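Two complexes follow with chain A in common, the first pairing it with chain B and the second with chain C.
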Partner chain A sequence: MKGACALRVRSRIAAVLAMALACGPARAHLQTSGMGPVCDGLAHFLTSPEDLVPALALALLAGLRGAAYGRSAMFTLPAAWLLGSLAGLSAAVANAGTLGASFWFLLLGGLVVADAKLSLRSMTALCAFLGLVHGYLNGSGMGLSAAAIVAALGLTAAVFVLVSLVAALVVQLRAPWARIAVRVAGSWIAASGLLMIGWSIRGV
Partner chain B sequence: MLLTLWVPAAFAHVQPSEAGGLLTGLQHPLSGVDHVLAMVAVGLWGAQLGAPAIWVLPVAFPLIMALGGMLGFLGLPIPGVEIGIAASAVVLGAAVAFELRPPLVVAALVVGVFAIFHGHAHGAELPPGQSAMLYSMGFVIATGCLHAVGIGIGTVHRWTWGRQLLRGAGAVVTAGGAFFMCKALA
Partner chain C sequence: MVVPGLARYVVAALLILLAGLPAAQAHESRPAYLEIKETAPGQYALLFRTPVLAGRRLPLVLSLPAGVKELRAPVVQELTDSLVERRWIDAGPDGLAGQRVDIKGLQFTITDALVRIELLDGRTVQTIARPSQPWVEIAATQAWWEVMGTYATEGIRHILFGVDHLLFVLGLLLIVGNRWMLVKTVTAFTVAHSITLAIATLGVANVPALPLNAAIALSILFLGPEIVRVWRGETSFTIRHPWVVAFAFGLLHGFGFATALTSAGLPPQDLPLALLSFNVGVELGQLGFVLLVLAMERSFRVLEIRWPRWVEALPGYAVGTLGAFWTIQRVALLIAAWR
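Presenting the complex of A and B:
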């Protein structure tokens, strides 16, 4: 009787352990688009405002400053993003949280509003820093695999296309009102950053 | 115990309600006529004052509104938010109707003080479960678009008949603000 009871307990423990091992995968980063890893990378960038908006703000800033700045941002940002992604592939999941994103929104939005006269070197350094940080955060937790590397390439392609198109569009703006509209867009980005600081303090 | 160990997949990024957060944010400033009147009046006044007020006011407004929004999310109360919003329509409408031309700093201060009330009202009303980031972006964008509508209408200021029309629009905004003020005080 005692032996049968012990057997029942042991079989229940075994069942519990088996269930504990049957965890589903933790999809902490890229959502599967069903169209392959390149599209997964593209989709991730285009549907993640915490990545998309800072890149957009940087493209606006580069465009306001002129063609040389646009060219620098067009190549530096995607290259740094790719490097950061590759560096992060073997790292554990990292997340800068809302506060990290709001920092970039505030900084880059503020620079666009102020039409900040950054030197080309400062702009290149800013692009490199943003790309490395965001690339690392995107890459972390994906695991070192061929599919993850291809996804990182897709993501980099999306960054390149966005920065090229937006910077080129802004560079050719000559009408004063159009350049002011770009700066107003910067104020929206900075205001969103301020609001996000409030949310992160509240813990939403 | 068995069920608690059956862990579902953790989706750490895109959540089902995120798009809802953006749409709710976009709708929020449009859902109250008092908000709409005041936002459009900011654009009208900016257009009437001309450069640099035409862009300083729409830049100052969202930034200061964000500060008001922060107070709202943090649960810090501001007395008489609804009265402040109605007063913004009354005062900004009157500024357009009487073509007031204060110094730029004064105009920005007036707009900024009222922006705090609008921001607080938006910030205090995030629907549960929605993305705070997208909600914030949504209501900032909607507010900016309402300013743009005001500036667009305000371009008629270059013509004599347009100036009269603009002053009439200011009077309508003031009347609307007075109506909402009565409602808020009732």
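Presenting the complex of A and C:
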């Protein structure tokens, strides 16, 4: 029974991830902060909701599941993000577009709302997948250069710090209402995803 | 230890990243200064000061709006630490209002340009041109809080991109033994650098940039062996009273912070507000860094991360190694300048 449930969760995740992977042509979008490539990477992550919110949702999810999940997320996600960025540097410019970002919002927000009992392995795989996809999309917008590699390191550092802080914060929460508040935050993320999908479909 | 082993790995990684910044040498990213003073309706006197370090001038060129005429030939004066260019222009009956002055080349640097505009009607505008926006527009009146915001932002940027200052603060964090001592140490550093920042900015005392930078690097190097002593469970005056060391070296670092304001050559009437808001910005940036390090340390503890011994040692080695590197580099610059 438990195995079947886990299988169902995994197959649903796989289906949504497949949709999230459907990338369309778009534009490069690494910001120029004027303060060097490290800051360009940091600024890009912190000012791009399509990158920031899924990472935040994953940190919330990992935190809800406990310290081991938090540790897994804080190392796997940035590492995968860096690998994805480096792989994307020499690729043609790509972007998941609003629809791709919306699916991530919906998936990860939904998992937080449900307080999904993912196995540690599934969580690690989810982190790796999110990191690789988003890293690749970020990298493809930067172009192959030394500055882009440094920017990717800055971006990775931002992901690491965010996931560490948020996951640890949620792990510490013991009061039931506080955990509910985290799940409510997940519902907002999922709702934002739904709204974005609606806008995409209506062509707004 | 306020920052035990767990925190060190990430701090080291961040430091390595920060050390890769072009702005890693804080005092080599001194801002340029542009003053535009309306002397008669539509006529302006311009003063453009660009910093010079080790004989190299920032490659910045002023680009004025089309239609502007030079009233007389520009005058260029080379000083030891900067190059000053004076121009006198006629911008026509409408003046420069609503026009844009570009600072070409700024986008290829890591420095800012402080801009002060004085108009005949008594309005004074202060703003900053940055690499991401290398121009200024002559626009409306600026309220005092906007001036404060400008300099506070500059203070935050100065400390966050002055990696040497942050590395010194990190070294102190690695030495202090408990939270009360941390509060004392950070406060001592703050008080000390505020004193010398004020002294230097108000022109009471001045320290030449090259020996100052070498001394600041030496203060970081000084902390390296002290961190090793902490690891070994040994004690020293610095470990017992880190606030004294923070105060003493804080005096040096304050002169370093002041270069960002004094090299700009601000007019005396702006100094109190600029000094206050710049210092507030520096403190905010420093406090943010300390809180980030503490928050990361707490996160590692909550997530029960156990780092290998060599990883725990990285931040201490980063402080010592970078301190040694900057000391050698800056002393070499100093010797080269003396020759």
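Assume the second predicted complex is superposed on the first by the 176 of 204 C-alpha atoms of A that agree within 3 Å, B and C clash if a C-alpha of one lies under 4 Å from a C-alpha of the other, contacts with A are read in each partner's own complex, and residues count from 1 in each chain.
By our rule, contacts are C-beta pairs under 8 Å (C-beta built on N, C-alpha and C of every residue); 3 or more make two chains touch, one makes a residue touch a chain.
Since we're looking at a predicted model, the values are computed, not measured.
In the overlay built on the shared chain, the residue A:Leu144 is in contact with neither chain B nor chain C. Contact comparison for chain A: of chain B and chain C, B touches the greater number of residues.
In the superposition on chain A, A:Leu99 contacts neither chain B nor chain C. In the superposition on chain A, contact of A:Ala178 is made with neither chain B nor chain C. By the touch criterion defined above, A:Ser48 lies against chain B but remains apart from chain C after alignment on the C-alpha atoms of chain A. Contacts of A:Ala114 after superposition: neither chain B nor chain C is touched.
The touching residues of chain B, counted against chain A in their complex, run 1-2, 5-14, 54-55, 58-59, 62-63, 65-67, 69-75, 123, 126, 132-134, 136-137, 140-141, 144.
The residues of chain C lying in touch with chain A in their complex are 10, 13-14, 17-18, 20-23, 107, 110, 130-133, 157, 161, 292, 295-296, 298-300, 302-305.
On the side of chain A, the complex with chain B involves touching residues 15-16, 19-20, 22-31, 44, 47-50, 53, 93, 95, 98, 101, 113, 180, 183-184, 187-188, 190-199, 201-202, 204. Residue ranges on chain A touching chain C, taken from their complex, read 32-36, 38-39, 67, 70-71, 74, 150, 153-154, 157, 160-161, 164-165, 167-169, 171-172.
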